[in-house]
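Okay, got some structures for you below.
There are two complexes below, and they share chain A, which is joined by chain B in the first and by chain C in the second.
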Partner chain A sequence: MDSASIQFLAFGLAAALASNLSRSVVWRSLVLMVASVAFLVLLAQRPVVLLPLGGFLLLGYLGLVMMQRGLHRLLVSSILAVVFAYIWLKKYTFLPDGIFLHSPYFTLGLSYIFFRVLHLLIDAGEGHERRVGIGGYLLYTLNFTTFLSGPIQRYDEFARDQFAEQPIGLGPRMIGLQAERIVRGFFKVNVLGTLFHAFQEDALAQLFQPLPPSQLLSAAIRLAVVYPLFLYCNFSGYIDIVIALARLMRLNLPENFNRPFSAASFLDFWNRWHMTLSGWLKTYVYNPLSIALMRRISSVGMQPLIGVFCFFVTFFLIGIWHGRTSEFVFFGILQGSGVSINKLWQIGLTRAIGRKGYQSLAKNPLYAASSRGLTYAWFSFTLFWFWADWTQIRGVFAALTGPQWSGVWLTVWIGAAVVLASWESLRAALLSIKTSSGPVLTNRYSRVIFASALGLAAFCITGLLNQPAPGIVYKAF
Partner chain B sequence: MTSAEPPVSKRDWILLPALSLLTIGVIVCAVEISARILFAESKTTTLKCLVVNDPSTGVRAIPNTACTQKIAESKLVTYSINSCGHRAGMECGPKAPGVYRIVMVGSSYNYGMWVPREQSFAALLPEELSRRTGRKVELYNEAMQWGTPHSVDLRFDEVLAARPDMILWPITPMDIGSVDEVLPWVGPQANDPKTSMGVWQRVVTALGSKSPSQFVADVWARIASDLNKTRSVLLLQHAIFQSQSQFVTQYLMQPEASDYLHSEYSPDFQEHLKSFARYYADVQARADSIGATVVVALLPERAQAAMISMKQWPDGFDPYKLGSEVRSIVTAGGGTYVDVLGEFRSIPNPERNYLPVDGHPTAEGHAIISGLLAQALTDGTAPVLRAAR
Partner chain C sequence: MDEAEIYSRLTQIFNDVFDEDDIHVTPQLSAKDVDGWDSLTHIRLIMTVEKAFKVRFSTAEIGKLENVGSLVGLIKART
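Here is the complex of A and B:
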């Protein structure tokens, strides 16, 4: 069962239907547990491959029990054990190959379980009052709606909805909104995502073909521009679907995206892209690290630089969490560098022209558009280390000369600035068309028209994208 | 909370679904109408100029006729047939003194399907060869729509009658796939009992003879098949198949059509190759009897050309394999095989020179094929043309 496939949708809708047969906590929890286990078994196909994942969950739960029993002094060692188990099961390449398990096992979802387990462990170790039993622990960590790609929900938010005696409401209007969101998500993943992926593959193939420089430049620009769009459609579309499915099961999941390409800086971008990941790292890495460093370094002048350093560490970790090879280490360095340089720029500019001057500059449409374009260009540049290995990266960069690549990134920067500024203006103009009940574009009639059109397009194009291309029609004249 | 959610009015319970249906209806109609305008087809077809029911010859053209046809992706093209039943661009008859005559056989690629004759490689190649060799080379085209290897063999006396110096047989993977076929399937047959039944009668018959799941699968297949015939689907496919990677991915989903691209052939395809070897051996022997050279080249289909150009393909596939197989058959029979497949490595996006859905080469594709064949025929592979330089 692929994520965001028709089968996944059918599975999720069936689970939502079953869950709504009774409002009792026990029933809804039972349905969620059965659905989550069934989902896991369908993905894994052979239960035996789930054993390492089970071991990881057990390790996390033992740590949690120890913390809940007041053994807080074991917090650091418990965290280290979980982190090591994660690195070991994911087979990070800096560890010697000999220590890994060599029979095949299941690691899908482990990255997200890792965050949930650490969250429970750290909170319990720091004396959080909540008690988490084995049932709640398994429901929270294995919840099929957040299992594969998040969003990373906090336990308290999950428990508030899942274990509420009076579950959150679900009327026709809410069902309609979720249906619309599912359609939107399905379209993003299966139509836009698939097409953007194909464009990227085409551009990549063209870079290695004997084309004139102008066409190679065009291919390089397309390669740079398209991948962030693919990633956004693929990831946010999937998140749309799971948030809607969870809502139909009377669970509110946190939002994970907030129009990230509208971000006016790289720092702002990470407040809008994979928000639950950056939020988690802010809580459990950035804040404790900056507090600890500020306690040790009392110089007021150094405090902004401590912030810069903590940003670097936090976003470097985001990079290496995404993958186990050296490409992801570099990806992390680029992410960390991006936010750090962005922060240094803000600090420097504030010092040079004052806070009000900086705020005024940031509101300048030209400056904002330029920042948005630069953010897009930098993100797309860093993503080369996300989708490619070193061999491919070397090949891609060797396809053009240094000045040509400079031209590519300049074009991406300016192009993104213009296109995104135009998009923002168009959006604002459309939303300004209002009736007494609000913007015309967001009223229920417009939404039904939009969702119907999108649903039809998704149905037809997904069908076409998944059917074999015809050979020459030779039997019929 | 449910209690906090304002109720949906009665009006909206009717209006919203109606709006949804109306939206879908308007889009479906608008797209189909647009597609029919953008991808119009002619009412006339080449069928008027063809005899398609004579198993002794295979498909053949009616002498001294002219037909026009435009398929969705092509321009309106006229197919003029000479007095011997060939789209040769010249009359049949003995060659002029000093002329080197090539007679081309084969199927729709060679016939110049969907392109004006003067833009087909049948027309371009002799000019190119004459330029390269410095002597007058003419190409008399006896290729035909549905010119499968079996029907080439059936009509080979016509080829011998033209007294060729060389018989050129550019072959395509689809020719191998349809190697034994002689006659095409042309529309629903009047004597087919199913086509004379009403819809209800067919449903009852099907329900009586199939399991419910099979019945549902068949109904869905029928719906999908009918949808695939709409011009809207053609428009979408035409757009989607502009993408090289997407087209290749979807083409390889089709096991039967992509059989020739597999590194291990199915038993059926192996039989097709054996049949081709038999027809080829017969053609070669008859060509030998008049001292004509037989030259064969495998022309790639759209997906094959794209894969070669991309220089990468999934495990279990090999776009060069069929070329090697045909080469073995031809050289073992004493003929000459010229390779053009390898040249597609250096052609960027060669799939753009084919009609994306139909799959036949465009005029640009014909020009490329002409250039590649001319190069292959004059670089020493075919001794006669080299000597004529």
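Here is the complex of A and C:
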């Protein structure tokens, strides 16, 4: 149930069917609540392990009630209490081991509930007029469609759809689009994700064998190239499924991906990858931190550097949100460094050749391709601290010499630049083939054929593979 | 303060912040329409608007701004 499995699909479709038996707000909310609680119970298996999660939700709700009653001076302490409770429950390793609970308890979904609770708390503490009762709070925080891996939806968008007297429409065309999206998501997770995962495991195994340098280099390149593709298929495929299921329940969830490997800079990448995460941190960390610093440091010349610093902090937090160990601290440092260096490069280049010169250069196909390739290579490099521990990382890097690893990353950079530029050109060429109703590739006939082919392929391949797909990586955060 | 005055003042603010003299401020104008309107410039823009109109926006309001129209709506609500 905690993956993009047939069981989860069946569960979601059953909930959607039940939800559509009546258009009343009460009925739809009741179905969503029952489905969400059932989902939680099925995942947890023993109710007692849910007590810490219940405590966290209660803490968040108490803070929210205080803010809604005007006790805004307690906002900072409420935020700190929620943050500390989160870090404690997730057992971040910089806290002493003795303070943790040592009996097993349930933490799936906690990272996403954390953002939802904080968002409600901060908005209420700043005087937002919104009033959230316990029912709305629980529906929003426990919504099974976004429970495991997001997207991180804001409360107003959730409430607008969930509590609408006239729910958003769901005609045959919309149902067809969601069915197509479910098929596409299922294919990404269970076929492409499984295959990329197998390629990664194979490459990793080869790196620890006494092979000739040429084979080790090939394994290293494959290891670097494949993991971002696996992660994309694994995560975005699951998101496709939950967005479609939610839409069948007349809820619009925000998109989480926008062709991330088309990004021409690392900054742009994070506007396209896990967008609801970067959007949340931009709203609640980057913006307020930038404003607070710019109010204190009035020098106009310092503003770009303030921006760079705030980018570093924001993306460092994105990094450490992903995990509780020192590997993720380093992952955070790499994310922060990547965006900071990118920003400094943009600032420096703009100063050197002027804003119009920089804009012209950014549109140059060779520069764009090179930037795209570099973005892919950098993201791939940072992901080593995402999927491996320090022992594995040491082993992987010890398999080749420094110059050999430099060659690997140069190859990944150039290879990604060429492949992604070719893909962009191919995509543009295919979309330019049009009829009066639009591109041939995206008309309903093409989509039906494509979805049918994907569905059949997914059915056959998953049957042949006869093994479960790798779990959804992002549920672990 | 009426909308025409708000748009007039915003036009001057936009031209100052973006160092241009021909930005045409419309309700639909957004970051994708103006070169150089990135996260950092957005903050400078917000702070300049807050100072010019003597208002303060909340974290959520700044995060939700989609275009100039929504910004004008916020200014009108505060003034």
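Definition applied: the second predicted complex is superposed on the first by the 465 of 477 C-alpha atoms of A that agree within 3 Å, B and C clash if a C-alpha of one lies under 4 Å from a C-alpha of the other, contacts with A are read in each partner's own complex, and residues count from 1 in each chain.
Assume a residue touches a chain if its C-beta (ideal position, glycine included) is under 8 Å from a C-beta of that chain, and two chains touch if they have at least 3 such contacts.
Not measured: the values here are computed from a predicted model.
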- Task: Please work out whether A:294 is in contact with chain B alone, chain C alone, both, or neither, and reply first, second, both or neither.
- Result: second
- On the superposed three-chain arrangement, identify whether chain B or chain C touches more chain A residues. B
- Which of the two partners, first being chain B and second being chain C, lies in contact with A:468: first, second, both, or neither? first
- Query: Is A:128 contacted by the first partner chain B, the second partner chain C, both or neither?
  - Reply: second
- Query: Where does A:282 make contact in the superposed view: on chain B (first), on chain C (second), on both, or on neither?
  - Reply: second
- Message: For A:102, using the defined touch cut-off, is the partner it touches chain B, chain C, both, or neither? Pick first, second, both or neither.
- Response: neither
- Query: Between chain B (first) and chain C (second), which, if any, makes contact with A:307: first, second, both or neither?
  - Reply: second
- Item | Sites on chain B touched by chain A in the complex | 1-8, 12, 15-16, 19-21, 23-24, 27-28, 45-47, 52, 108, 145-146, 174, 177-178, 181, 184-187, 224, 228, 232-233, 236-237, 240-241, 243-247, 249-251, 253-254, 256-258, 301, 303, 309-312, 346, 348-349, 357-360
- Item | chain A - residues contacting chain B, complex | 168-174, 176, 194-195, 198-199, 201-202, 205-206, 208-211, 215, 444-445, 448-449, 451-453, 456-457, 460-461, 463-477
- Item | Parts of chain A lying in touch with chain C, wherever the complex brings them together | 119, 122-123, 126-128, 267, 279, 282-284, 286-288, 290-291, 294-295, 303-304, 307, 311, 343, 355, 359
- Interface with chain A, chain C side, in the complex: residues 19, 35-36, 38-40, 42-44, 46-47, 58-60, 62-64
